[in-house]
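The next part holds the structures, each set out as structure tokens.
The same chain A turns up in both complexes below, where it pairs with chain B and then with chain C.
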Partner chain A sequence: MKVAVLLSAGRHPVSGRGALPRLEAQAIRLAAALGSARGLHAGPDADVVAEALGRGLSQIDHVALAAGADPVPALAAVLRAAAPDVVLAGRRGQGGDDTGLVPYALARALGATVIPDVVAARPGSEPGVIEVEQALPKGAARRVVARLPVVLTVHPAAPEPSAFAFGQARRGRIERLDVAAPAEPAAAAIAVAEKSYRPRPKMMRGAPAGGSAADRLKAATGGGEAAQANVMVSPEPREAARAILAYLRQIGVLAPPPGAG
Partner chain B sequence: MTRARRDPRAERAAAALPGAARARFDLFARCAGGRPRRDPRMEAAAQRVDGAARLRLDRAQTGRPAAAPAPSRAEPAAPPAPKTIVMAAPAFLVAVVPDLAAGRLSPHDRQLFGAARTLAGADGGVIALAGAEGAELGPAGADRTARLAGPEGYAPDARAAAIASTMAALNLRHVIFPETPDGGDLARRVAVLAGEPLFADVEMVSAAALMRPAQGRRVEQRAAPARLITLAADAVAPYAGAPREARDEPLEPSAAPASAILAAERIPADPARTPLALADFVVSAGNGVTDLETFRAVAAALGGTPGASRVLCDAGLMPREAQVGASGTVLSATCYLALGIAGAPQHLQGVAGCEHVVAVNTDLHAAMIERAGLAIVQDAQVVMPALIEELARERGAFA
Partner chain C sequence: MTYALPALVFVMVALATVQALRRAAWWRLGAAAPVAWGAGLLALPKRYLVDVHHVVARDPYASRMHAVVASGLLAATLLTTLAVLPPLGGSRAYWAAVALAFGVTAAGSVLVGARRYPKRPKRLSGGGFQILPFLLLAYAFGGLAAALLLALGVESAVALGLAVALAAAGGLGLAYEVRSGPMRHAVAGALHLVAHPRPKRFEGGRPDAALAPLDLDAPRLGVETPADLAWNRLLSFDACIQCGRCESACPAFAAGQPLNPKRLIQDLVAAATADERAYAGSPYPNARPVAAPAEPFFRIIGPDARIHPDTLWSCTTCRACVEECPMMIEHVDAIVSLRRHQTLELGAVGAKAAATLDNFRGAEEPGGRPLTARADFAAGLALPMIGEREVDVLLWLGEGAYDLRYGRTLRALVKLLHEAKVDVAILGAEERDTGDLARRLGDEATYQQLARANVATLAKHRFRRIVTSDPHALHALRNEYRAFGGDFEVVHHTAFLLELVEQGRLTPGALGGAGVTYHDPCYLGRYNGETEAPRKLLDRLGLDRVEMARHGRRSMCCGGGGGAPVSDIPGDARIPDIRMAQAAETGAGIVAVACPTCTAMLEGVTGRTAEVKDVAELLLAAVEAGR
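Showing the complex of A and B:
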């Protein structure tokens, strides 16, 4: 299976220095289970993604692109020529515009299927098919079987990235590709005004507007709405157990008793 | 601001009494613009609360006589019954695509309606694009609802295609998605399908501008409201006005695109392995639980993820990862079953996001009992075996 791993020029979330985004390092690890993988980066400079060589890639293709240019047409042109079966990307960028649109736009350009939030991938039981596991909220998962080609975005719950190996990083090669800038119309961009980020207080759920500090504490600890609670004082243990089970079933966290419905 | 300078000579001249042979002054006459004299008796009369049996003063009323007597506690004025707001012909439509996980609106879904109402202003209408029937969409703030038809199961491409065609058919001005795994995925699919830019992870919404963080929260980007928006959680207050009519808007069914997804199977979470922060149902023990073997059996039998208060974790009876609270894990669970937990503020902070709480405690006045939707004042050591017994009996009755 031919695999391409999309590498973006990320920034470390704390120091702000150039670094390989963690999700993309995890993508390299997932790619290793699928077949021979190559990295692909579009941007002015390939040094920022050289760290990926030490994380297990032996080769990175670099498409030179002006800073701030839309990478999608260039990436799509390269991927159309290389025709990988699987493209792996992070679910969101880290340090750029962070919209997470690049994998979707590429999938559209390549006619591939996007499967987001992947934590594991392996070749399917028949050729031309891949089996992936998707992370869902609250610890659930979904096993999806899809026809190739696919674009997979990686979820933070995927296996840890492999450790950085210096020798491997020295042996790896970065190859520069020259792509005639394709004249694909870029998606209309939104005119934005930028300034430095100012953290704002998060909205507090259920806190009354203009309430007192005591009201806000009550909202923060979740009290208030349950004032007319259903209180059972010294019930028979069995009666209490039945009440608890009935309540849990009513709110849907416990499966109905066997035989019912 | 500096105080106006006093001019004693002019003040004296103003207080001079005319007509007397020698100069006479009325020094008690206040010059105009000075502080009015207070009348404590009249103020007290204005602060009087009518209707109370004994004398009560409302000290928040200062000086001015009360225009209307404050309603007495004995007979609170009944709030007027909320009237359904009907919007006959909205000038334009703003769409909301709630996740409706398990068919119910999450708090995040409700916040979408708040943002949509801000963008719709006075003449726009809010339309909810829902995959399933939802009775609570009107109270949540929907003027219209539209059912998106689509194939059963996991078919995000078909949903995105349905939304993109609705966007064109109804000429929607904005479409707002929640920035959740499902909603965020859908928004990006719609964006590339419709060729529209997406303003993702919006943290501030006003009628004139949206704000989103970028570059790892180093900068914020501000722009006029885009057509496609995903909204971050807890950034905007939910819609709080009177219920709206949520009238059905008929939609032309659109053809679903061919899908390359051959099979999709949902694997439910394994409660024993789920990290506490992700768990949907947490069964937690506090200092009131002495029989931890039974507690673990109860958690396993109910299919809950085990948690604990700090006392048990400090004592080494439960692992540190199991600690719920301000210095442990803040839960996002739907339900929290607290066995023998007092409910210290540090503990309750971890439970704040839980929708339902069940408490078992011997102390009727424990804070956890007050927080709970179902409270059992009983010894946890007898309730726990009873729970296991009851579950076993149900299984036995079926076998």
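Showing the complex of A and C:
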């Protein structure tokens, strides 16, 4: 299986120094289980992502871009040419714009399936298929079988990155690719203001105003009866449909049944 | 028949030489190393008689035994060769002298036997070592009988023949043993003293304990196979006499972790030898099985190699083994060079250690904490940042500053410095970690980066000396940064505080006779030879100071060095628990410490009966009591 790992120039969350985002280091480890992998970076220079060479990649392709340029067209051009079966990426960058949209934009450009929040991946039981484990909220996970090509983003619960090995980093190669990315109209720069981070309380949507702390906790975590009522194990199709309809009505997506109320 | 005995001795010497040369062929498979042969040869007598003897004498029985048997063996053998000179061969007085020499050997041989029979102490190896006394006895008594016959002028060819035959059985056996048996230690040991990889350790002064920097452009980093070890390191391992002194001193061995420095050295010997005899000493405790390959010069470390990685990562780099080794073997150098290969080439470190190394690279700090938060412990205390002005003392805070418990110690230290009106400043956010832990974990690349950055930072500022309470930082700044262009006067806080007390700038009162015992940090005592200042300081506080059985240069590690806490190799017990139990034996209610790591390790012991206090905290209490 041919694998490409997208690498971004991140910043260390504490020191602010250039660093490979941890999720991408984890992506390299997932890639190793799938087949031969190459790194891919689009940006002004590849020094920061060179760390990936010490984490199990032996080659990185580097597409030189001006700082601040949208990397998607260039990445899409390279990936279209290389046609990897699997593209692995972090969930979002670290210390840059951090939109988390690049994997989705790439998947659309490549016509590939996106599976976010992957914690494990292995080749499927038949050719052209991949089996991944996807992390879901609240610690749940599910197995997904998908047809290649796919774009996978990595969840923090994926296996720890392999330890950095200086000797391997020294031997790894960064190859510069010259890509004529289709010139796209540059998006108007978004005006941003930088502020230092201030921790804030999390807003809990739908939390009962007032009530006891236990109530609010229950509402926030979805604990209690509500969570149990959501789970139906191999239900009758009719029953399931009724439950879904009831739920959709409850949250106001569907109008109440004509006869009611 | 007069010449039978000298002839035997010549054959013995020839056999021993052949065996030594056969062995030397293996040493030559090691990597090249610069050796000052002339200086080494000249220094040999002093290195043997002073440095080796200093260590050997710690075990008085072994010391006496070795003096008698070795000097007897050498004297008897050399004297006997002189019999080829015609006037001597016929002289009965000469043979009487030879008989005396053999008599001394015989007495020594009996001592050797008595140490191993009827019951062999655990730390000694069996196998060929159990046969050694018999070879010695045969040679000594055979030679003694033959020389006596000649001295007394008894003319009996049968008796003389029998005596020489007995001597031959022992003597040829001993000579044969020079290649792979116990007698190898004599030849390899002498050569090792000449070609020692750390000649500075014999020059007196501070211990020579700084690790040598690794050339990061070398084609292969660290030691993978024995061929990556310098030839004189291979030679040094052959000098091992399997006395087990290192084993009894090793904290990891005592805690039942899979490390035994004696076995490690023997494994390194075996890894470089095709037909090494089976090891017959104590094993690595609780070791996981390895599939040791038979071929020599294979990879040394791995579950499929001779030494399991667990063994390598159990070491606290405390140097107790080096301190105790009568053959002057440098275990820690070997361990670190093996770790370097694991870390730098293979990335084969434990998950916790890997996370620590990531923090070093990303945040220049092993805990991944912001450098700006290092001085948070001093909230409310005046602790200026260093500026343009030259200060007397630059206070190096170290990693302990982030620890809540150790922050109390540092606060006490800062208060004492203020009390004594010391002109002190800190680097603030410019202080990176020294990288000591990264280096001990084998990550020389990260270490060198940090070392260079710190040296550059320090070069920018003006200060007279550096004071630190962290012996690991002290060792890095004082000894190991030298190779990176850092030449600083670095003082441990205990020495500095003693100076202040002696100058009368601090006047401690009495603390009312509480019992205290001082735990020497390895990186202060063994690595830097500083054991006196903290004791003198404690003695001025009106405390009742008692010593643990293991103290000073021979102290036992707290278990916190060398990355052992992050490698976290399981054993039967925890090293700090063992050390606290030793402290409890003294009955002292206070264990005085002088290192952030020791503080954390010893205070982390559950159910401890003694309080753990830094020397600075005790001094502050005394100063406050004296007001």
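Note that in this section the second predicted complex is superposed on the first by the 183 of 261 C-alpha atoms of A that agree within 3 Å, B and C clash if a C-alpha of one lies under 4 Å from a C-alpha of the other, contacts with A are read in each partner's own complex, and residues count from 1 in each chain.
By our rule, a residue touches a chain if its C-beta (ideal position, glycine included) is under 8 Å from a C-beta of that chain, and two chains touch if they have at least 3 such contacts.
Note that the structure is predicted; figures quoted are calculated from it, not measured.
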Message: Contact-wise, after the overlay, does A:Ser15 reach chain B, chain C, both or neither (first, second, both, neither)?
response: second
Residues of chain A touched, compared between chain B and chain C (which is higher): B
Chain B versus chain C as contact partner of A:Phe166, first or second or both or neither: second
Query: Which partner does A:Gly252 contact after superposing on A: first (chain B), second (chain C), both, neither?
result: first
Query: Just chain B (first), just chain C (second), both, or neither: which does A:Gly54 touch?
result: second
- request: Look at A:Ala83 in the shared chain and tell me whether it touches chain B only, chain C only, both, or neither; answer first, second, both or neither.
  value: neither
Message: Please report the chain A residues shared by its interface with chain B and its interface with chain C.
response: none
Query: Along chain A, where are the residues that touch chain B in the complex?
result: 11, 13, 16, 94-101, 104-105, 107-108, 113-117, 129, 133, 135-147, 150, 187-198, 200, 202-203, 205, 217, 220-223, 226, 229-235, 237-238, 240-245, 247-248, 251-255, 257-259
Field: Of chain A, residues touching chain C in the complex
entry: 12, 14-15, 17, 19, 51, 54-55, 160-168, 170
Message: Touching residues of chain C toward chain A in the complex: what are they?
response: 216, 220-221, 343-349, 351, 353-355, 357-358, 361-364, 368-371, 443-446
- prompt: Considering the complex alone, what residue numbers of chain B touch chain A?
  reply: 101-102, 107, 111, 154, 157, 180-181, 184-185, 188-189, 191-193, 195-201, 203-204, 213-224, 226, 234-237, 259-271, 273-275, 278-281, 302-304, 332, 334-335, 337, 345, 348-349, 351-358, 360, 364, 367, 369-378, 382-383, 385-387, 389-391, 394-395, 397-398
